[in-house]
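Naming follows writing order (A, B and C), and every chain is counted from residue 1.
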Amino acid sequence: MDITLQSALDYAGVATFAASGALMAAQKRQDLVTFLFFAAITGVGGGTLRDLLIGAPVFWVQDAGYSIVCVLVAVMVWVTRGRGLAAPALLWLDAAGLAVYAVVGASKAMAMGVAPPVCVVMGVLTATFGGVIRDVLAGEPSVLLRREIYVSAAIVSAAVFVILRAFEMQGIWASGIAVVLGFGVRAGAILAGWSLPPFAPPKGKD
Amino acid sequence: MDITLQSALDYAGVATFAASGALMAAQKRQDLVTFLFFAAITGVGGGTLRDLLIGAPVFWVQDAGYSIVCVLVAVMVWVTRGRGLAAPALLWLDAAGLAVYAVVGASKAMAMGVAPPVCVVMGVLTATFGGVIRDVLAGEPSVLLRREIYVSAAIVSAAVFVILRAFEMQGIWASGIAVVLGFGVRAGAILAGWSLPPFAPPKGKD
Amino acid sequence: MDITLQSALDYAGVATFAASGALMAAQKRQDLVTFLFFAAITGVGGGTLRDLLIGAPVFWVQDAGYSIVCVLVAVMVWVTRGRGLAAPALLWLDAAGLAVYAVVGASKAMAMGVAPPVCVVMGVLTATFGGVIRDVLAGEPSVLLRREIYVSAAIVSAAVFVILRAFEMQGIWASGIAVVLGFGVRAGAILAGWSLPPFAPPKGKD
């Protein structure tokens, strides 16, 4: 059952990130092929890095379904001309993908027997790297450098999941709670501008 | 024989992309070491990603010949001071590398037993990622965002090859036809400005 | 003993690069989480690429100690508010990391039975890629494109180590000499502005 759950979440994560990639291509007025490329790279980028790092076979190379999901999502965004998917949608899809993927990444790393703290790192990388690659390739300032909370939300999702699982909570409950909390933190950043204090250099320096 | 063919195409692809990397370094008036770095990273970048994704040993780590080819190409571009290799040459070498590498990538993935649709993706990534990394590291706008056809040419090469091979055409013929068609599409983009229609947002939006 | 030495150098390399990543975050007035992210990615980026390329298990996934070192370094830079670690410190830490990591990378590749010329490449990639990723993610012009000697210092470290080891010099001596020479070359670049001649296009061109 855990495997079914993980697979469903994996598909959901890929689809939401793929949509955020396709919307970035739409913002840049790109053609359909670039839609496909951005959807694919944003959709599977983080999970690919996770699989390479933990030494697992890369998930979408094993299962052509993921590539097909990315193509479908890209075509859907193109055909609907992004109706109902304006700039805010990009933000919210990205937030959902972030929370879901952090849990998926941490969960897959745990299944491979990776140590808990590294599982948290793996969840965070899985969740954030698709978006980081998307921004770098689009020539946008990386989401890492924006003042608002982003990576922190992934840390919350991944850490909550790893801790709840360490206390042997069932996968479906641990995933649900972790996703809701991580998404909530990111929602706070989007709606209320939550942020962490920036670095303040000592007086008389810099 | 197929292995010899693949190896020859692999060297050809590495050499042409290495030259395009070295020419980028020349445009930026860099020193010889940067020539080497850009030649190597552009030359082997796409194939490296392919090998990591399909779980094959990375080709140039196994065979020092590829590193030597990159060094030779970088030194040759440096010594000849790029004579006969002005900005247009960068474009055409890149086009040739694109068509050849898409076939090489798809072919190697097929040999590893990867599913046909994923083989096409692998061919496209192999062909485009060296150039994408080159552009990102050089701080140039990625070729992905230019309006003209680029990734599409790699899709044509890789897809034609995978389809012809599925009909059991001999490797050398399938490769030849796929390379010519992919190169032709890219040539149309360079010479005649072929492009796909850009995304048009619905009226009253954006 | 060689393994202990390599492990000690590995930790030293990770810590110095992590500090350079955290200082980049400080320069950009980022929050603590971004400090962690930049420290980690700069600290383990080069070694991660090395391990993926030579097919070794990724070092920090196997041993949670490396992640902890990155967290400690990031927190230390944050808490001390970078006192005593102004812009010059970023340069010198980076230089030390460069020389140490080139040797660590080449040494680990040799231990995996990789051919000597490829071991040099591996040392250079290991040493330079953390910084390259740091610059790309921070939106800074890559260190690769600055005129001063940088990659060359890593080549000196890695090549000297590989050659001395080929003559069967003990690991600790070969490492020491290689690190001192590589660091010396980079120090010359920082203090005296050493650089290699840039590419000069032929007259009447470009």
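Following the convention adopted for this analysis, contacts are C-beta pairs under 8 Å (C-beta built on N, C-alpha and C of every residue); 3 or more make two chains touch, one makes a residue touch a chain.
This one's a predicted model, so the numbers in the text were calculated from it and none came from an experiment.
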{"item": "Same or different contact residues where chain C meets its copy chain A, judged by the half mark", "value": "different"}
{"item": "Degree value of the rotation bringing chain B onto chain C, based on Cα positions, nearest 5", "value": "120"}
{"item": "Chain centre separation in whole Å, for chain C relative to chain A (CA means)", "value": "28"}
{"item": "Sites on chain C at which at least two other chains make contact", "value": "52, 136"}
{"item": "Touch list for chain B against partner chain C, complex", "value": "25-35, 37-38, 40, 48, 52, 57-58, 60-61, 64, 67-68, 78, 81-83, 86, 136-139"}
{"item": "Residues of chain A defined as touching chain C within the complex", "value": "52-55, 114-115, 117-118, 121-122, 128, 132, 136, 141-142, 144-145, 147, 149, 151-152, 155, 195-202, 205-206"}
